[in-house]
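Read the structure below first, then the notes.
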Amino acid sequence: MADSVLNLAELKRLAPPAELRRAPVVEGNPATGALTDKLSAFAEGKTPRWWWILFLPAAFAATVIFPVCLFYQVFTGVGVWGNNHPVMWGLDIVNFIWWVGVAHAGTLISALLFLTKQHWRTTIGRMAEAMTVFSVAMAGLYPAIHVGRAWFDWFMMPFPNSNGLWPQFRSPLMWDVFAVNTYLMVSSLFWFMGMIPDFAVFRDRSTTRVRKTIFSFLAMGWTGSARQWHHYEKAYVVLCGLCTLLVFTVSSIVGLDFCTAQIAGWHATIFPLYFVIGAVFCGFGMMLVLLIPLRKWCGLEIVITKRHLDKVAKLALVSGLIITYIYLMEFFIAWYSGDPYERWVFSHRLFGHTYMVMGWILILVNVGVTQLLWFKKIRSNLAALFVIGLLINCGMWSERFVIVVGSLYQDFLPASWGEYLPTIWDIGLYVGTLGAFFMLYLLFVKFLPMVAISEVKGVMPHADPHHPLGGAKKGGHP
Amino acid sequence: MNHSPTSNSANGRRYWRSLDELADTPEFKDWLHREFPVGASEMVADGSSRRHFLKIMSASFALAGVATLGAGCRRPEEHLEPFGKQPENYTFGEAQYYATAMPTRTGAIPLVVKSYEGRPVKIEGNALFPGSNGSTDRYAQASILDLYDPDRARHFKHDGKEVSREEALNFLAELSKKFAANQGEGLAFLAESSTSPSRARLQKIIADKFPKSQWFTYDAIDSGIHQRAATQAFGQPVKPVFHFDKAKVILSLDCDFLGDEEDVHNHIRKFAAGRKAGEGMSRLYAVESLFTLTGASADHRLRVAASEIAKVAEFISCFVAPQPDIPPPVSSEFESRWAYECANDLMANRQKAMVVVGQRQPLEMHLLAHAINSALGSIGNTVELIPTAENFRADLKNLETIGTDTLVILGGNSAYTSSLWPFETYQQHKSRRAGTIVRFGYYEDETAEKSDWNFPATHFLESWNDAITSDGVTVPVQPLIQPLFGGLTELEFIARVAGESQANAYEIVRATFGGSNEAWKKSLFNGFVQKTVSPVANIRLTKEALVQLALPRSMSPASLGKDNLEVIFFRDAKVDDGRFANNGWMQELPDPITKMTWDNAVLVSRKTARELGVANGDMVEITLNGRSVKGPIWTQPGMADYSLGLALGYGRERAGRVGTGVGFNAYKIFSGKYIETGATLRKTGETYTISCTQDHWSMEGRPAVREANLDEFIKEPAFARESFHGKEPPIVQSLYPNPLDEAKKTALHQWGMTVDLNACVGCGTCVIACQSENNIPIVGKEQVGRGREMHWLRIDRYFTSDPKRKNNPSRFSLSADMNQKDENQQFAEWIDDVQAVNQPMMCHHCETAPCESVCPVNATVHDQEGLNVMAYNRCIGTRYCSNNCPYKVRRFNYLDFNKRPLTELKGTLYSTTLTHKTAGEWDLLRWWKDSNSGMRTEDEWDLIKLSKNPDVTVRMRGVMEKCTYCTQRIEHAKIKQKAKAGQTGEVRLLEAEGTVPKTACQQACPASAITFGDVSDADSSVSKLKALPLNYSVLGDLLTKPRTTYLARVRNPNPDMPDYHAPFSTEEYESQSLTQKGNS
Amino acid sequence: MSEKIYGLMAEFNSPGEVLHAAEKIRDAGSRRWDVFSPFPIHGIDQVMGYRNSLVGWFALVLGGGAFAQTFGLLWFTNAFDYPLIVGGKPMFSWPMSFVPSYILMVMGAAIGALIGMFALNQLPRLHHPLLNKKRFELVSRDKFIIVIGAEDKQFSVTETRKLLESLGGAQVDIVEDPD
Amino acid sequence: MIFPKWTNWLPLALGLGAVLVGGGVAAGVTIYLTPKYTRAGYQPVQPVPFSHQVHAGQLGLDCRYCHNGVEKSWFANLPGASTCMNCHNQVLKDDPRLQIVRDSAETGQPIPWVQVHKVPDYVYFSHEVHVRRGMSCVKCHGRVDQMDEVKHDQSFSMSFCLDCHRDPASYIRPVDKVTSLGWQWSTNATEAAKLQQTEGQKLVDHMRVETLQSCSACHR
């Protein structure tokens, strides 16, 4: 490659002092070709054993547990779940919000950080986007199947019909339908479009006819011409902008489901923000859980460096602090409003004997454990980060449980109060979606470009025509 | 009321007969008599005949919800089958109303029954009946379900084997011949009490024909004691009629006259009439051990063990009686002050006061009450005595000793209800004497099992009969439908035993009635004989009775304690003595006080439970007189200490698919006395789950039910108005105009409702009426336990208490009562002395309904008349509406409650159509063939369909439902009015013209607590009620603008009483809002 | 093989080189030529003379259209075609209409951007003469290739080859057009 | 080369194909799966070849002679065989086609007429109120007096009902003209249409006919 043109002396002269120098996105700044080999290696290599060990149970959950639980519910009734009167929504909606939440960090990393020119995002962006797409798919499932008569879901679609009836657009649930579908659509498009140049990489590297055919098809004739890059980059920016909008609005709309409702504990204007931040927070937790093992097992330590994880952890910390603030505000407003129903709900989140445990998990994890991320030591300890990632997911799950169930089970009239306990079918469906998510994710890791190869190459010094590594004859900037 | 004339129908409804003729095929007849349950192969092979029968009906069925799944593009060929001979004066699809009556033990409830195509679907009270407001009690409302009970006795049986009707009737003929020959030697009858003049006539004929035969009357629940006591006290056959409306002060001594006595619907009506908020409202003192509905309505309630109430009664009598005596000691200073002030109040209201004693109290107590009433001058004023026939109660101990050859059991279920009548002994006896037990009964129950011959009885809606109401009016009982499964009416059966030539029940009743045909027709049309019974005048206590009065002194039992417990056996609010055990509506009706469904329990007080070391759900064994029974513990707030309350009527072994095995059988330790002491209790170590519809007892100081004492109400009549004591947030204006306000300008009516909490006693009749009218399914115990009961109308019952007794150090504290789990309420001290408040809760039809704006598919919207309407077939079941309903009155069909039998409604592992088979056929296949099919066997399903109201869609799983203000009745009324208006514009329903419909709950309510009507009509009663200062909206500050509002409750406590205080609910509210003030 | 010639291709090793070469080719007056690279090269747009991409307009038109259409649909369905009284709320109001309109605008814009990208790039195009060339596969790896099309007015196999070689292009080769 | 040149047309072809197929499916569903097709036109074979054309059209029998419950009940009843026999014990006394009717009148065994018009079970339609408030039979059932065998004339879909319920003035007629199926406001078609609007509106105002498009009007 261009090693020949490297003028070490000149480079050293022009280089800023070490403390000001930005750490490279990819450790060791490998040459473009070598980098390509490295990043394609996992998809092209032999499937390792760990992959199978993870894939088989995930596939079992996705292809057996999931359909069994789903069909059982659809053919028997929502009654197979623990939902009751007054807790009309249980794990179905808890998991829905949770999955939507998981999705958000992916978009935030890939879109918002792109717009703010954070080059380090390129190495983890694709994995984050895949997380988004798969978790939105899981999330999108819940509203469709949690209803009593899933076969009439099409009532929610506005098209002319012989009944002369239309959906009711004042319902936040309708907004939800649009929001989640849009999110799924846009993030899939974004994900797919981002992969086109990498499909071309895979196409050109493929050694078998099957691979070649498949990737040729997927690459859609991508040649990498300047014209293609020109339009592609524009489209990419536009999509990033749109995705950034979605980061802030999809969860807001999910939050509107709650804040437009009457129920004490839901009826709060803070909800849209609350859900956005909660979603992002939860998603960063999930990012940690996914990135830490995969970077090791897929041999991506040089592209997903500890510095990346450190940044994800910092983002988690920031969102965790905002969440903490929101919790404080919630309790404060409940007290300050003087509304006896609000006060009741919030005192019961922490002191009501029924769901106290969930309330305290929420506080301990989302407020407590998150504070550990202040410490550099913790942030550079991968095992600790992994555990914290897991805990954040649990904490956010219990937050959703507390919001959904904890506000419903004791509402206005004490006569209708009740309790909620999920059944095996609730849990089975959740396990099924988890399985489906991980199965899809593992398939993605194995068969698709899990790192945005072209994008990473594009932010390397080798890609800068004004950089010595990029072939600049003289001058330019280092 | 539109009663159809019944001129030419002598034997059942002719319209049914016409239909019957249509289905008069051999297959159809065969079906009627086929053994049950039908085997699987038969179902398939002979399905057509049954189908044929139902299809005729199906034109009117409109079993819609079941069919909402719809056949889609599969359009099955359907047939319309008109009459071969067009009947006159009959219009298919139009409801017919007939007057009849439901006989009870000591009276009858006059009814009007609505019937479609010869199929009774709804029971209402007869509003034409003198004094009646057209109400019923819950038993009458539920009795229609018994008509369609698939477990009814359907066959004549001998030694457990089916025999033909002819064979069975031959046997009766021979029986009568045999005893005619020996003057009835060895023949005994065991009957339930009845007021039927025709039966009395036949009884007389039997006594004449078989002079040596014996006739016993036995009821498990003895309501005849009022009559026997009065007869004894006054020395002539009289029975008391209590005028609660005329009384100013009422003292109830263990008398649950609003709950488990006979004739409660009359009592509630009269009591409510005397409780109109304001000067002159009556005052109720209750001394009782169980917490009853009467206690819940009382202004002062003293909890005393039932066996010690006599002391209180005597204490009071000493002040009231003409010659004051030295009052016997009562257990505490408080009690004596209570009783003393109560006595003062009684005396201050001479002639307007009354004392009533419960039917479970012994005869002596009743005599004492008559003495007090006499002394107060109440006899003839608040208590009237009317002449009556004699009433006996058999002492069944004697039955063993009579040399009986043949025992004829008429109704009742004595093998179950009387453990003192050991069938085993009788059977030994029989083996000696080769005797026979002939049983005439409605079910193939415990008694049937032990009988040699079984004759299926008809339902009262299938029978000709007559009865005398508690106030002495004769009412005819006329059938609305020919017997569904054959069977005999009681009169026919007795007549056949008597060997009468005329065994036709109609002819018997007609002969008893005598008189002109004109008068007879009129009585059938009206549903009663226009004849008032005048009370016996100038009646005095007999000397013998006065002597008896000395007796109660000796009754004082050994003092109660945890080793000497008192047991109270009481008539259950739902299954009665067990006769409604197979009635799903009744089983699922929450007990008015405990809110328990599908069970009875051992009711104890908190203190007793603590001393005995038991908690709710612990199985205990109660031993009484050497016999024992096991049941679960339930801590009842406000119970007297050391009392065990056992509801009778549960633990049935052969009730049917609904009632078998529900609860425990308290009859096992019952010996005929309703109050016994000397019981012990032992914890078995097992636990048991009880399903209640309301788990939280306290109102937590929330202003849902608003109360004030009378003096406060007089000072501030609008105390309950929106700001309730000036503390509730104001009801503000909407930010935007409501399109409903625009619609109001052109709409014909605006519907609204008020519920008078002052009148409502919480009896639950409305709940059953609603269930019956609106095709509400039952869900079974397990589903109730999961909080999935479907009642559109529920009655919230809160226990309120002195807030000082609550452990409420701070809201943010783990030990506060309010932060405890519901399971721990039973240990809280505040439940010892509580007041109870009831609040019927149904859809409020909010003008700004929170449920509507969240529905994504427009399945619930407002109509122009202010109804919050629910289109089931549009609903996809997101359940968001229910979440957003602050009143939580929406009900979701979590499972196919209509299509699943109770056995398929249990467990987390519900059977699914994917794998389940019904009648040997894969459910999915069944569904494909017929989208109306379900998991119920076809015979059960057919009967269920028959019982449904064709005017209301039957909902399938996955849809939300709720109170509609009986929109079907409104629409029906509107349609009729519009049709009447024709080409004129007189389409508005007006209360003044009597065209405004009544909702089912309103119609059934004995207290007339529910008023429904057009709020845009200023002259309607609902408008007037809403204008009252008592009117308030529950949770009105949420800006829901509910159309259902409540009239606040006014209590009338006596300021001189030691327990005088503001209503607890108000005190709780005040204490809550004080903390709020302190905090904010 | 008597195939038509599609053009001439030359390989370069770094973005710097290829940018430099491209400037020269532009200056030489070629019209039908293009630069192929594994990633977008900073500054190549100016060299190639590309102005602002039209993709944004696609997004704007489709997004705006979706917004307006949804707004209209909501008004039509809830306020005009079948107005029902729902929760005492107005038949139509902008706050409730904004949310779905906005979110569908995002969807419309995203689809617009993607369609725009595909359309302007004339993708998908599974068959392309360059994809036949073995050496071309290196473009997606680390090589930079300039292709001067046979349709270019100044194109001549020899002259153009010379030009490319003079610019430092290696492996200058003819690209055939299979038909 | 994996993909030959023609594959470059594939995306366009696929796109066009999708549009065509989608449009075709939409059109197919609209035409064949909506009540206009699935319901309208249904004409089952009846057990007795009863001709409305003869009875209602030629003989001019009023609809209510046979369907006598139509003004009293939600249900427009079918006449019992005894009603048929009122005439047919004189007319066509021994016609073999009427054997079933005679048998039915004699035995009471009903004639299994095949139901033609039906609304779903969750729709509570009342003939009574429509017929007595100026909604003609013809609006839903078509010119039965010109049908030999009865045929399902209208779609009976919800939007079909809504047409009237939203705009009764365009459909209402004087109450006494309800069973005159061929009646028009005027013999002149344009004038009839005009009169329908003006006179219809008068009727609507006078009779206080409501425009009922909320659920409760039909669903309970």
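To keep things simple, chains are lettered A, B, C and D as they appear, and every chain counts its residues starting from 1.
One rule holds in what follows: contacts are C-beta pairs under 8 Å (C-beta built on N, C-alpha and C of every residue); 3 or more make two chains touch, one makes a residue touch a chain.
The model shown is predicted, which means the values in this text are computed figures rather than measured ones.
Visitor: For the interfaces B-D and A-B, which has the higher count of C-beta pairs in contact?
Guide: Of B-D and A-B, more C-beta pairs in contact link A-B.
Visitor: Please compute the C-alpha centroid of chain B, do the same for chain D, then give the distance between them in whole Å.
Guide: About 46 Å separates the centre of chain B from that of chain D.
Visitor: Taking the mean of the CA coordinates per chain, how far is chain A from chain B in Å?
Guide: 57
Visitor: Can you check how far apart chain C and chain D are, centre to centre, with Cα atoms defining each centre and the answer in Å?
Guide: Their C-alpha centroids are separated by 58 Å.
Visitor: Please work out the Cα centroid separation of chain B and chain C, and write it as a whole number of Å.
Guide: Here chain B and chain C have centroids separated by 78 Å.
Visitor: Can you list the chain B residues in contact with two or more other chains?
Guide: 850, 853-855, 858, 861-864, 874
Visitor: Where in chain A do residues touch two or more of the other chains?
Guide: Expected reply: 164-168, 170, 172, 174, 216, 221.
Visitor: Pull out every residue in chain D that's touching 2 or more other chains.
Guide: If we look for residues of chain D contacting two or more partner chains, we find 2-3, 8, 162, 214.
Visitor: Considering only which chains touch which, label the overall pattern as line, ring, star, complete or other.
Guide: Graph shape here is complete: every pair of chains touches.
Visitor: Which of the residues in chain A end up touching chain C in this complex?
Guide: Against chain C, the touching part of chain A is residues 1-2, 5, 31-33, 36, 158, 164-170, 172, 174-175, 178-179, 181-182, 185-186, 189-190, 193, 197, 200-201, 203-205, 216-217, 220-235, 238-239, 242-243, 245-246, 249-250, 253, 256, 454-455, 457-458, 462-467, 470-473.
Visitor: Looking at the complex, which residues from chain C come into contact with chain A?
Guide: It comes out as residues 13-20, 34-45, 48, 50, 52-56, 59, 73-74, 77-78, 81-82, 84, 86-87, 89, 96-97, 99-100, 102-104, 106-107, 109-111, 113-114, 116-118, 120-121, 123-128, 130-131, 136-142.
Visitor: What does chain C use to touch chain D in their complex?
Guide: Counting only chain C, the residues touching chain D are 82, 84-85, 124-127, 131-132, 178-179.
Visitor: Can you tell me which positions in chain B touch chain D when the two form their complex?
Guide: Its residues touching chain D are 21-22, 24, 56, 59-68, 70, 73, 75, 77-87, 91-94, 746-748, 861-865, 867, 869-874, 951-953, 964, 967-968, 970-971, 975-976, 978-979, 981-985, 987-988.
Visitor: What residues of chain B sit close enough to touch chain A in their complex?
Guide: 694-696, 698-702, 704, 783, 786-789, 794, 796-798, 811-814, 816, 818-822, 824, 839, 841, 850, 853-858, 861, 874-880, 882-888, 891-896, 908, 910-914, 956-960, 1034-1035, 1038, 1040, 1072-1073, 1076, 1079-1080
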